[in-house]
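Data first, discussion second: the structure below is written as structure tokens.
A, B, C, D, E, F, G and H label the chains in the order they appear, each numbered from 1.
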């Protein structure tokens, strides 16, 4: 898979928040086999070491860094956050999140497109967190985005793909744009489903970090994403309304009570 | 003078953003913003502080 | 996993019908990693070699053989077929299928329980293909079955788990009985979902045999079943109605236009 | 005499199920039923055939 | 609608339990317009007046009485209860309920068929509460039932039609048998859906009795059942995958900036 | 119900396109009991009488006229169409439709908000056809809209409420804004469901016009909308996961074989 | 003698089901069962009671 | 001069929109637009036409 001209072996992108411990975080990253991890920026208390201890830990994983603008509620905030992230993380990649509603954490399509336009013009490789709205998606592509990240369900809800038909239409409408399902994935089966539908990758965090055993769950997601992609490439059977015998009926024995006698 | 640092009002003697950071003992991977605008590390020494300025000093954090 | 005191490494059981070629069949079995394959009996033309050529092929896979009574519409037919299968395949394992409706290929619960009683008494290890009906399930256990195989959806329909809530209730009602989802699985994501729900294994055929690339699809199913089981053991996050930020909000910068000034 | 073999009426001279199978050239992995009842391989030689008997001879097949 | 040769104007059957007061019960019956109400038998304390006060109340509604065997867990109990009900209520109609599982309150198909056979032979007009299992349904018809009452969802759950596809198959499989959705209906829209699918009637209780305003809800259900039936007879449009403009596109103005100039 | 300070007795709004004949159209309007009908503007061939014959027909129904901007793909087109409609139909009411995608006929949120701003400022009473996106909805309210019309499913698809959870969130987020489900309703049960969810009204066209018997279907929709609203006001029972007996268990007879003997 | 009436053990003098019902003050719309079997109203007078009999007396109730 | 009327190029002698409509035999409930902009009925007589103008004449239609 290529994202902004970068080849990636894994189609799983993993968030780094909410893990029980740094050790479990790094073990989960390794177990998942993911090639990209998301990070953010937060206020640093003078003289603190915590955050600056956290950063080298992630660098050591060798995974590519995708900073986010999580929590920003305006284009202005998101743009400034992106600029700060580019300097600290030394990457032009940015997961663009502009929240429009505090309850659903859904993106604000207007501010999102505005921020995307500014950031793309400024040389960022923008990964916009968006809805399944086709028109918003087109505006984001017009703004210069070369990857789209539609939500599966509200962030952290773990409800999987809420609007399968709309996401199917989106996949069909943008056959050649890398589409990454971001947010809402709660189980490996849901990640596999997204891949079977032809999405290019899956980005998740809570479902791994909040699992009983995050490392094992990370491994499970890695396997499920690979399985889903393999199935997509292998070509799934079309569902049928009626049943159809798997065992051939031809040559069935007649063991009833009929016969010549 | 009084500035707002990461949301808290504090008294600083520093004249520039760079001075303020070192006076406050900041180092390591940091990004700075002044009154809502990004200030590159290279520009901090030339960035004067004024009373009431709003400074944000951010560091890498876990993120989803 | 243990089925009738036999330890099995894989939780995938694979059917052997409808493959494009014997080579693809054996490659698919190997790629899937399954430890059990299903077979049947059909009329043999005098002097024919086909079937007797097919049998050694399957024996060579090393997989355990699970003969079925596919196509039987009465207890009597199913019982006789089971007896014939035990002799030819030299195993007491039998997938008991008694079809009650030609359109849906759904089991006849009355004939199924009757046949199960006779076969269990006769020393068979019965794997009954049944519905999600709890009472029918209890009768099958009373009859001596130590494994149950509820359908996911009509045979060959590829529609996945049609009645998730009823299957969830069944899993909860029989916590210690090995439950294998048999029939209706059309995609790896559906197999993973069944495993995440705590089912012990999945049996499928058409979804692999009729895939564009059966060998690749077999591999995908093997991975998905393993991923689903791993996720079940790791403990899935509970779905939430509301969204919850994955990136901590604590320490959010204020990059808006407010401030002291 | 006439028997029904796998659904087709045929003429056989054989007196037992075992004879019929060898006369017809059957060998390999096979299972037999007579008039809807299983006949073990070991019992075929002692299983007489009568006119109108319904014989099933089955072999391993792919199955789901 | 005809049930056992009796013409009924309304396709709604209403239960009489759990209402806040006798007055609300009788008002609800009137508001619903239903022509059939279900009742049961319970132990009578010597000299008590409650029940014997309740009975005339229902007789006064003019609705046809359908006694049930609610709570019976064996054919024997159900049969005796039916015989007692026939005497007290002076009707051969009986809603045959034989519970097989205390959690789901689902019917025991084996005991149900056995009881149905005995009662039909004894001259009862049996209304069996059953699942959507086609084979069980066929056994009930063989036993002499001329009406079937498949469940929509577990009794009192108010979850509507859980297994729409299976119920659709059942309707298609028994085109000329009166099929009444019994149990699980929680909202008028669900009752309307059942009628749109071609079911002959709906039987419910909790959704009305436990509504904030049972009388208004009874009226709503009466309207919804009528609307659903009317829609079924009028012929619903088939759903489409793609959108299709309702307003004709022909003759659209061109108000863009194009044109000759 | 009040829409832009106008009291309306019926919560059903009906489209006037695609009917087999003018007579059936007017009969359907009458049968539905709707108080508002939608119309559009199309090119008039010089000297033609068709359209000018159609208009008096609709005026005679006494229903309130809601002109639409169907088929417009830009704010500019929609604005000019609205201005033309205001003159011809002598009403400031306008159903604002700005199509963003020819396949899904979904609204263009950007052009929609822009057109809404201009039209509201110009004194129109704007009824915007929008998605379930909360942020777009807020922009429309900011623009001056006092009614919102979220889609149920793509126009003419007849698939009902595709995104029930998102629509539920929308209803909850705008408790006091009149919300009308527009587009996608295919059956009366779906209209009733929308009303039960607390939506204020339903606008539909194809489901009636393309029914086998449009007049009967119009009546069915009128009843279903009324039933759904009545149920919403009466207070629906909450769905339960488990079953709960409707017939009281207290006082159950013991007709088993137990007892003193 | 002791019988079980609607699940409760009681002492009765009555010799028949009919007597027991009237002694106990039952009247109105009732159905009776003896040891799990239905006893029609018309048969109550000819239905003797024995020690340990299990009697059910049921009346109309709300039902779903 | 040639104008575009409802998408078709035609030759008209009329000098104003009002003239054109009456020359073409339009009457009844109509709305007009010139080059994509709404022209109220009251303004048609003062609305001159020029070669290549794009005129839309719309009437009430069924709509959803």
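Structure notes:
Assume contacts are C-beta pairs under 8 Å (C-beta built on N, C-alpha and C of every residue); 3 or more make two chains touch, one makes a residue touch a chain.
Predicted, not measured: the structure shown is a model, and the values here were computed from it.
Think of it this way: of A-D, F-H or F-G, only one pair shares over half of the A-B contact pairs by residue number, and it is F-H. Chain centre most remote from that of chain A: G (centre = mean of CA atoms).
Ranked by how far their CA centres sit from the centre of chain C, the chains are topped by H. Rounded to whole angstrom units, the spacing between the C-alpha centres of chain B and chain H is 65.
Centre-to-centre separation of chain D and chain E, using mean CA positions: 54 Å. Taking the mean of the C-alpha atoms as each chain's centre, chain E and chain F sit 30 Å apart.
Shared contact sites, meaning residues of chain F that touch two or more other chains, fall at 15, 17-18, 40-43, 68, 70, 76-77, 80, 103-104, 106, 155-156, 205-206, 245-248, 251, 253, 255-257. Across the assembly, chain G contributes residues 6-7, 33, 36, 56, 58, 61-64 that each touch 2 or more other chains.
All chain pairs that touch, listed by label, are A-B, A-C, A-D, A-F, B-C, C-D, C-E, E-F, E-G, E-H, F-G, F-H. Against chain C, the residues of chain B that register as touching in their complex are 2-4, 6-7, 9, 33, 35-36, 52-54, 56, 58, 61-64.
Within the complex formed with chain B, the residues of chain A that make contact are 15-19, 25, 38-48, 51-52, 54-55, 58, 67-68, 70, 76-77, 80, 83-85, 87-89, 155-156, 205-206. By the touch rule above, chain G contacts chain E in their complex via residues 6-7, 24-26, 28-33, 36-38, 40-41, 56-64.
Chain E makes touch with chain C in their complex at residues 100-101, 103-104, 106-110, 113, 131, 133-136, 138-139, 162-163, 165-166, 169, 173. Interface residues of chain F facing chain G in the complex, by the touch rule stated above, are 245-248, 251, 253-261.
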